[in-house]
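Order as written gives the chain letters A, B, C, D, E and F; numbering starts at 1 within each chain.
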């Protein structure tokens, strides 16, 4: 059940039997020579939509832009400063809290969002914590689709040490499952991209000239994407249901 | 050409022959008893995607959330505070400026975004204006799909005084063109919703109990939506091309 | 009745029979070769003071600085960034709300303020809208003196297509009515200034070398100013009274 | 020479022989039972205008609102939060710096502004200090009209220990010199208001029930105001000239 | 009694008989050729710790960084922008308010903090003042160790006109009392440093080439430091006790 | 070598042979019934000071307050909102960058700081990344003393599954090594505290009534603290040296 394709009476009705919602959150950033710029938004979006369909859970529109300052050296990347993303997440959560949602589950596709989202949650909780008020706020969970147990096992089976950490064959496969026409198998040189830390956008581009970190996306395939999709839907469905049941 | 479905080398190549980009911007807010919550994001998105396909223009991912504090009294609405939306638009524009985009065309679906986007543009320009620097910034245009000339003529022909200003039969028709399965023809009572100004969310809900302002969306239809779609694509295509040619 | 020339017991007494206040808001910015830098503050100030005297309405001190980043290429212009003006308007409204004012009527003299003031109002309302609280906030109205019906008819009669949109003969006439010693009739070259959009201060100055947009202020006169003054007082008085009567 | 009553070519010409400007800054706040709410803005305004006339110095429009949160318990007071006033002063100074002003002299009428203005100046200087840049910024001075040597001597002579620190007979006399029709001689009970520190607006009102601190404004008179006016004009003129001469 | 060396049950117990706390606040900034960079933090820290021990008052950890943008031209200085320090002080006070502290006594070692701390207190009070709420907030006091009566008398006796205003022999003596191994007696040239106002860090360094203002720290000694320490402990102890007794 | 106990010429000299600095960062928050409120600041401070002494590395004053909103339900905890801590870290880093430090090594004692510090680093890098400038910024590292390899091995050996994640026997032992007089061996009930996620301060206190998470600090001892101290000094020394050597 997609929020964008619902009416407000639909949501009023939904809230009578569930107070949970999935919010896909990603990024718009380079993913190497053959990875889609929308990879990190597409992955959690397709998984969340599938979970929503299978169990009738509500899915918010995807937050397409994330904390990706380090990718701005590559054309097409669009980023939020951390303080902007904190405001974005705060406003989304407070909007949902207003309606009585009690469980907000962010399904994330971008590692660079994790720390800032964690800070955003703490900023949201600070209102109560500093004032001593106890305004009703929803439980918040920030889950990465690529960290689910089934996905981790499968990624390792499929790609082992070629997975890397940016522009991974797993995420690229999943986008090709979602948009098969966009699949662009390609041999890359070097096969495995370098790995290290990084600082700002210029530093990132110097260290990772084609944008990948530690990965070999030449291994990506639509078939792998389909398997990863099913694994992630199963992981997310299970985790979401446990989250909304708990209180 | 969709940014999310492109690679960074695609965008590097695109920038060699065009420095324009379309950015659909909408809102996630109630649209009356039978209008979709995603209406204001869906409308500019489908129009922008069609323009992008017809002339090879690049289209950014849709900014799905807007300045909609007044709709928060209805379940499902998600809003940004104006200062949040200013930060969002600033970061998007500065990201695009970094890559050499010289013409950023926001295609908007939500009247409530107009003032804040205008303020955001002035905030962006203030950096140069206060410092006396002349950092290269793209030309910015904020166009409303529903204000194009062809659309205006057609809306008037189709719906005359039943158009109103929120949850209009025009925008609802356009979403039904995009998602025919979501069409929910419905007779509403009163036929024409009331019209007036409003303040905060509680005030809005008191004045407009079912969410509509001045409109009769029972007139909406998929056929009207298809005609409005074509009108808006023609309006936008023409306006975007004039915008990127200028300068 | 001017707030600055009142004592607090005066205001306590005033609030027992009226909860309305006029707040003149303008800008400090170039107005072409012979227009006063204070034009946009002077115009709403003299009109508001006259309304205040005629019907005993309270008038706050004038907010002399506005959103005018685009004028900073001309010596003497002073501007607020949009986010600064949002904070200014928020603090003014919250101060007045604290005392029990229920109708705050901004009388504006600068087109550049409109969008940011609109965003400021939404920022103010967001406190209630996001929290679901219903703190008592005054009704807010932002009226432009130059948009009143009588003023529009008279401007058209007096100046027709020579009115333009910045440094207009109407506003310059009104300042000369207020400060006849400052009247500087002058022939300008070209007679009609160019018209177009603009971006930052440097862009503005390139497009409009003497500061005017689309106007011929050589037509300005004290006599025209006196007629415009009376028209605007009548427009504002009527609109203000309707505003404070409504609830 | 008043900025509001000048044209931009006037200011361009002025800057060729002087880079100094006076900026009156005050507050809109209760001043006891018979003091004007505009006292703190009126005092520096009339002094600055006189200085401007006598030596041809440029005077900016008055910043009418200040840091006066503690007065909000009395009807009619309007205040800026400190962070708002910091943004206001920053934007004013940066606007003037843009035009080549090298000496910005704030003439202040409100003790409550001093600390925040000092913080604002440090915030302005921080841009250079943290970055190591040396962008040209004007020299800044924040002078209180009531602290000039001649004024201090005269206040002591006129009112001795009845001066107090808020709603003082000196400042009230000066406003009556400026607006003789607003003079409201009045015997107050107790003659001398209490003195102490204070915290927020409610605390202030509990401590100082009629708004005064330590003062006996029943001693105010138009004649005293005229003498204080001349003393302050002499003090300010001398101090301003020393400021703009120094580098 | 030091907060850092206490457990939360200790503090729960403490609050049953006292609601006061001392918060040392300083700066990390150059103090001339032989003064310690930590001078402004060390001084209030050692005094506060002694007061805490003698009367069982609770002492918070030292806020080591202050508003010192003007010292950033000298290696080792670390500063907060004023708006950062306002947020820091606000969060500290709101944290303490949450637990029921009713008297928060900042013992300060850096003149540059005074204005910003004053602005921070007003920012804190603004929450109540603008809203009309009366949330319980602690009384706040910001005392400078070097302004106590005993300290002032002793400094004058010891150093007379050689005290100056930055890198003073008094504060340097006090740090040597605290850290005798760090004492570095040194003859300076010129003996007395110059005095004047200053703007940003580059301006400060041009005016005061070795960092001192108006002082002769060659007069500093451990013995003087020990006497100043006792004087300041006595001053602070007395002032703190009066503060927590008052209401 | 402690920054606070150095003079600016010392630092000028230091920078000629090293551009690295250690910045201890902690928190002021409850650590269970017998843990010190300063635990998270004391631990990295004593380790950093020892490293500084052994290899002549410069150590900044400790940042004593961190992101600890969730601990505010326990008396004595003092916290920064995430956005405040971002500003704090940004100002510290920019101050150090100004002087030519090229390697800033934060040694952290509080898990709750990690995400916000990560966001702060990205906020700092965003200035270059969005603008395309390449201002020289130091390399930044945020290391947790308790995550060093030697410390991890030793903690596991000493405490195994009784370590938990807040008020751990390891950190409490280390503070007792630093302040043996503060050691308070104590049997706790239940022996192992519960473990789970948490939201705001009230939620935290409900879940963890005595403040601990998953730990049994009754196992803490001064001896264990001494061994952990040496392990952490060795870990940190090695990691810091590798950091400053790298470029």
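Observations on the model:
FYI, a contact is a pair of C-beta atoms (placed from the backbone, for glycine too) under 8 Å apart; a residue touches a chain by one contact, two chains touch by 3 or more.
Just so we're clear, the structure is a prediction, and the values are computed from it rather than from any experiment.
The minimal number of chain-to-chain contact steps leading from subunit A to subunit D is 2.
Comparing the CA-atom centres of all chains against that of subunit C, the greatest distance is found for F.
Measuring from the averaged C-alpha position of subunit A to that of subunit F gives a distance of 29 Å.
Annotation: 24 Å between the Cα-based centres of subunit E and subunit F.
Put simply, the C-alpha centre of subunit A and that of subunit C have 47 angstrom between them.
Counting partners per residue, subunit C has 72, 79, 81, 83, 91, 95, 98, 129-130, 132, 201 as the residues that reach two or more other chains. If the chains shown are joined wherever they touch, the resulting network has some other arrangement, not a path, ring, star or complete graph. Here the chains touching each other pair up as A-B, A-C, A-E, A-F, B-C, B-D, B-F, C-D, C-E, D-E, D-F, E-F.
Of all residues in subunit B, only 129-132 touch subunit D in the complex they form.
Those residues of subunit F lying in contact with subunit E across their complex are 2-12, 14-15, 28, 30-38, 41-42, 60-65, 72, 74-81, 83-84, 87-88, 90-92, 95-96, 98-100, 179, 182, 184, 201, 211. Chain contact summary for the complex, subunit F toward subunit A: residues 67, 69-70, 72-73, 79, 81-83, 86, 112, 114-116, 118-123, 125-126, 128-130, 132, 134, 137, 139-140, 199-202. Considering their complex, residues 91, 94-95, 98, 135 of subunit A touch subunit C.
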